[in-house]
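Written below as structure tokens is the structure these notes are about.
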Amino acid sequence: MMKKVFTRPKALTDKPFHYCPGCTHGIIHRLVAEVIDELGVADNTVGVCPVGCSVFAYNYFNVDMFQASHGRAPAVATGIKRSLPDRVVFTYQGDGDLASIGTAEIIHAAARSEKFTTIFVNNAVYGMTGGQMAPTTLLGQKTTTTPKGRDKEQAGFPVKVAEMLSTLDGAAYVARVSVHNPTHVNKAKKAIKKAFEVQISGQGFALVEVLSTCPTNWGMPPNEALKWLEENMIPYYPLGIYKEPAEVK
Amino acid sequence: MARVTFREERCKGCELCIAVCPEKIIVLAEHINAMGFHPATVVEQEKCKGCAMCARMCPDVVIEVEREVAEA
Amino acid sequence: MLEEILIAGFGGQGVLSTGQLLANAGMIEDKHVAWIPSYGPEMRGGTANCGVTISDEPISSPLVTEPTTLIVMTRPALEKFEKAVVPGGRILINSSLVEQDVKRDDVTVLKIPANQIAEEIGNPRVANSVILGALIKLTGIVTIESVVESLKKVLPPRRHNMIPANREALERGAQLAEELG
Amino acid sequence: MSKILMKGNEAIGEGAIRAGCRHFFGYPITPQSELPHYLAKRMPEIGGVFLQAESEVSAINMVYGAAGAGMRVMTSSSSPGLSLMQEGISYLVGAELPCVIVNIMRGGPGLGNIAPAQSDYFQSTKGGGHGDYKLITLAPESVQEIIDLMAKAFDLGDQYRTPVMLLGDGILGQMMEPVELGEIQEVKQAAKPWAATGMRGRGKPNIINSLYIDPEDCENINKKLFAKYAQIAAKEQMWEEYQLEGAEIVLTAYGTAARICKSAVDKARAKGIKAGLIRPITLWPFPGSVIARAAETAKCFLTVEMSMGQMVEDVRLAVNGTCPVYFYGRTGGVVPLVSDVLAEIEKLVDGGDRE
Amino acid sequence: MSKILMKGNEAIGEGAIRAGCRHFFGYPITPQSELPHYLAKRMPEIGGVFLQAESEVSAINMVYGAAGAGMRVMTSSSSPGLSLMQEGISYLVGAELPCVIVNIMRGGPGLGNIAPAQSDYFQSTKGGGHGDYKLITLAPESVQEIIDLMAKAFDLGDQYRTPVMLLGDGILGQMMEPVELGEIQEVKQAAKPWAATGMRGRGKPNIINSLYIDPEDCENINKKLFAKYAQIAAKEQMWEEYQLEGAEIVLTAYGTAARICKSAVDKARAKGIKAGLIRPITLWPFPGSVIARAAETAKCFLTVEMSMGQMVEDVRLAVNGTCPVYFYGRTGGVVPLVSDVLAEIEKLVDGGDRE
Amino acid sequence: MMKKVFTRPKALTDKPFHYCPGCTHGIIHRLVAEVIDELGVADNTVGVCPVGCSVFAYNYFNVDMFQASHGRAPAVATGIKRSLPDRVVFTYQGDGDLASIGTAEIIHAAARSEKFTTIFVNNAVYGMTGGQMAPTTLLGQKTTTTPKGRDKEQAGFPVKVAEMLSTLDGAAYVARVSVHNPTHVNKAKKAIKKAFEVQISGQGFALVEVLSTCPTNWGMPPNEALKWLEENMIPYYPLGIYKEPAEVK
Amino acid sequence: MLEEILIAGFGGQGVLSTGQLLANAGMIEDKHVAWIPSYGPEMRGGTANCGVTISDEPISSPLVTEPTTLIVMTRPALEKFEKAVVPGGRILINSSLVEQDVKRDDVTVLKIPANQIAEEIGNPRVANSVILGALIKLTGIVTIESVVESLKKVLPPRRHNMIPANREALERGAQLAEELG
Amino acid sequence: MARVTFREERCKGCELCIAVCPEKIIVLAEHINAMGFHPATVVEQEKCKGCAMCARMCPDVVIEVEREVAEA
């Protein structure tokens, strides 16, 4: 018997993504939707999308959604979760959104151990606004605001979000994954699922940092971008689980 | 036996599926879709193992995969 | 004289720089010129349009909402902007890329197989110059000389070797417009 | 019912609770901190949420979350904190989310000081945030009126799906006055079918959003907002008339300044000067109609504010050249004296065209 | 001198550099990002500082630091970003620090969109931040005028020790026009003996501060500011008169809207309609005097804005009831057409009292 | 010969502090001034004071000073240092100021490795505004906004600033010290001196977290407050040097 | 009747709560009352003042800038506020804490050794009630009964054992005022 | 020999100096200073070792310490 082994998750609407060809935002969207499907929580979930290329995510997820102001998704999610503690709440944020303008909001949501899940898409650049430096831009990486490559004297060092948040007692689950090949896509999905489960079981704040590509602003074809991610981002941003709740609790 | 189906009109021709297919059976079509991209397509369907690597990498959820499974 | 030109196509087709080249040529001739891109967050690598206004008078709004001339490089662009052209205006179609026909009959339509001609010239990158040449012939808003002058300014020196091919493309375009017009 | 003595800031909290508010997000700042202190105690007692945000920026965005989830929610701050909330307020407006925002104003600009002031009138009523919008702005003058207006604030917010500002100065926040609270009553809250609360069988997602990428759509939402504003302006103007009968010199003032003006009006009347007062209670919608009406017979207007002159512009717009509009203001935390205002009134008696 | 074709956003950058600005702190946002892109390249070439801040809140506070240290410094953003800067702007005002702040406005409220708009007029001119203050606000209409006004902006800032706003819309930022840049000249900058730069033998510390804990002191600084504002209002009003001679219908509009109005006026004149335009170049100080003068002979006014109507209030205040003031606006990123404005003018010819 | 072995540092003006009796802000001020004196940089120094009890610090330090908006001292200092790279720049911030509203600013100043020195006064409470919870308030600690003691479910966990900032490559020197007895006062001074030296030698961003008391809002006599600090704060906020530039560089 | 009372002293002296007690008593008697603290960021544990207004008419501003009665508990308070009292007003000094004399002669001055009397009563905490008693006697704005009533409301039940001492203090204060007045 | 001097008018009577003085020679005075505090004062100056512990802990920089030092 022929059986569908891979099909569009139900937690995605049927709207086509507006992302550039090969942009891994699309993969990450799908993984989140698959996890929502697998956990069977679509009807009970509220998502928060940021300002960034994923600003239109409210068109794609088939759940109730908020569009939040730039960087403030964690505050918005806090407001939602404190209002509706039995709902599943997630935010989806880019690296400019989360690690630059929204630094205070993510850190304090984590410190308070707000019971929501954050999908943090680190593509080392500001995608939406035209390829400016992000806090996560690598040293030497060229962007429209570091035309000669990021220079530590001038623009400082990339911020390691997973490591930083792991210092907070309130952060229950923190992992960094990548989506540069199918194996890692699978791992990424596992981490995302775990991050939702940690929320649902009330264990506290959970964040998954997903290394992602921006072929357009990196100025390379999509497959080259995946390779660049693997060769340049992973060494600086080691993958792994940075924090995990003790199993018995 | 397995089958992959592409929702051509949604394909952006990014080639991520092409790169990961272990059977190397996906190519970009000659023609252009409504969005202006050469869509990916499978050339030797019969070689498909239904591994879904392509689908897993496709950022635009273009691909559906079916596979023969033992009746449970 | 007031020409309001809308150039519409796809990112990467050189739409924006073609517009700039035209505006620059107008400026060299001491005309009033303005150039403006559409900057909507359409899918990146997606649509790209720009408006160029060239006039003897100061320009009020640089937005080109009712073009006197429309240049289209893609099918969606034609569908989207065909209606906007003023009655009696012109639509220039890069027929190497767009097969469709214009539905209106109150505008002059010129189909230019620009990519084909560019390949004939031996340089696929000069397709836009072919269309520009046709536009110049039809409207007389600037001279080919001014466009070549602009190229000298706009291109970095190491790219000046592109100028002869562009000149040829401009002339081929003009010639074609003459024939078709 | 028996009265109790209550601080303005606490009355705001209690008024909110009685209006059905169960969610408060805020960041401490003088002179409003007794409000969060009060709610930090009270909210847990009634199963509500009190959360100290990491900043005013966060607080207003938490409000956005809770409001979008359908709650009656409030935040509170004082002048500099309100400046930080402007982006969030503009988002709340754009997404048409109801909530109550309290500003207990202090001296500015900059860090200024913590003394009472009324110099954020423009910010509240003209739109300190970006874009075209109006904010319903209520200006109580007493602790009792705070209680009454809190209920009104939440009702108006829900009815029109708009943020509502409660604007007071440090005196209003800090003083204690007797209030009659009445019984705590079950608040009837209208359903919010638009709220994003998880679909729960609804079938179609609800989306809380202020992004309208197509200019036509964005213009339409603006038009929709302004149609709503027109309705609010027509129906919801609130003001008090004090000794207005036959007044030749019409004072306009709100909040604490209005209380001072009332005394000045009394003293002026005692001296045989025909003075009266219009006290706007809604600063927006500004009660322009009553002012225009009064302008038909008045000799002149005198606007008194604890600022360098902000509401006076709205008075001038309403009077529209019919008669002169004078201004007396103290600012930076200085509170005008009754005697000062009286002196200004007296100046207008002979001549009325100083300046 | 030869002209070059330049984008508005880049012209702001080049204009600032030519005005002696060597410090830029900003955060990316459409439709002004070409300005930081430009300066990211240019500043290092001339030994200046380009720094991408972590947010608009940070950017404006970096500006506070650099301005207090005596530098000519600039930041830039678009509508939502400006809302986040309001506290910082109020501090700059309170500490009397000169700087230039650029707002390339987009559709609002909320996230709105990135299309051109003029709906932050109130925020800029009435004080979106807390406290009593005014902001010199310059509104260029062309790329050439940007270059000229940038120099003016820095000069005014230094002269009056005040932040200066350059207010444009997305069209102004995005379009390319020919400009004549002229030679780069050494900029004469007045000494800033008040700057906090390390004492270096001065003996007495300089302090950059906006805290005035005593209300009397705080009121005094407000009075000082307003004395300065009075001087600015008297001396620095800038506007353009277009076809004003004998105009019966006087249009008022700024920036891009004014360019459209000019064409509409031309077309109206061609039809024999006596229309003219006053284009405020300084939005604050608002050129009220020229409008009041025009109101003496005009039949009516028509204010055109890319907003739901903001500057029109200042026009009304200036006209003060002398004749009717009508409004035509498009908002949310929609740009009015010349033909629309012309139609509005024509409506006013017969009757002039629609509404 | 009688010699002054302890006297008022020259980098303090003669104005009496406005702090409450026994408040250790005064000790920390003096230490900073002593270091400025010892380094001989008073004439070349620019200080930035926050909003908090130390808001009037501009009256006390005998150097050029800025008063910064709440939480933004690091941004202000960045503006100053980028304008005047050869000056010595320091900020003085409380825990509400630095660790709550100003979280993004301090993290990004550190990430950029801005060459200034931050004195971070952690007194586990908002002093100036009347004793509200700070991000550093300990679990169970009573404040005016946690009247029953800070509850992790409701208000989350205390933020460990030194640990968090140490994850940033741009942070050159990070230490935590205390001033609860003379020995620690001496150690604190050494750390502060080092933090200035790291700046002066161009090695990057330096921060000293100083555990401090707030007798007024803790509701205890000053000496008891010192004891409370020692017994309650130090266990949660371990003292020590968290980051240091490699000696040879 | 309009009494505007300023109570000025030191943090921890019970200045604010004494004012509240008075306002509460006025409220019980259905008078218009308002109470307002000074909330300047003076040195914490430093100055503390509050104003109490009790009136038959609605109260305009609750700020007491020109008190009809000034109660002072510290020397700096006397220095600061002496001038503000209206001519013909009163100054009540806790002479156990303040030695100085009032310089004006257009006001009634009453020196009350409140702490001393409180210690005589055997409860040093009721010093403020002594002064309150004197004030009541002099002004008649409220009755001692109303203050006692207020105490019942304001004090938590476990502190109600303080009420008799307070009543005694109020009466001693009143008595003293009678003698001195 | 050593000498401690207290700027009495600045003392807030916080007692931090008292707690750390190894010689236990500092006490609060009976009288009150202009700010209303009982200022700290040394009772047995001669016992002072000039260790400056008191000064180091004083938050209000009230204390100055002199000590006999060998001429350098």
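Think of it as A, B, C, D, E, F, G and H in the order they're written, each chain with its own count starting at 1.
The rule is short, and it goes like this: a residue touches a chain if its C-beta (ideal position, glycine included) is under 8 Å from a C-beta of that chain, and two chains touch if they have at least 3 such contacts.
Note that this is a predicted model, so its numbers are computed, not measured.
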Shortest chain-hopping distance from subunit C out to subunit H: 3
Leading chain pair when contacts are tallied as C-beta pairs: D-E
Most distant chain from subunit F, judged by the mean position of its C-alpha atoms: C
Distance from the mean Cα position of subunit F to that of subunit E, given in whole angstrom: 39
CA centroid of subunit A to CA centroid of subunit B, Å: 26
Distance between chain centroids, defined by C-alpha means - subunit A, subunit H (Å): 59
Separation of mean Cα positions, subunit F and subunit A [Å, integer]: 34
Where subunit G touches two or more other chains, by residue: 40-41
Subunit H, residues touching no fewer than two other chains: none
Residue list for subunit D, restricted to those that touch at least two other chains: 30, 51, 54-55, 57, 80, 87, 91, 95, 110-111, 114-115, 209-211, 213, 335
Subunit A residues touching subunit B - in the complex, by the definition given at the top: 1-8, 12, 16-17, 19-27, 30, 181-182, 185-186, 215, 221-223, 226
Subunit D-touching residues of subunit A, taken from the complex the two chains share: 13, 42-46, 48, 55-56, 58, 61-69, 72, 75-84, 87-88, 104-105, 107-108
Complex interface listing, subunit H residues touching subunit G: 34, 36
Residues on subunit E engaged by subunit C in the complex (per definition of touch): 3, 5, 30-31, 114-115, 170-171, 174-178, 256, 259-260, 262-264, 335, 337-338
Interface residues, subunit G side, partner subunit H - complex: 10, 74-76
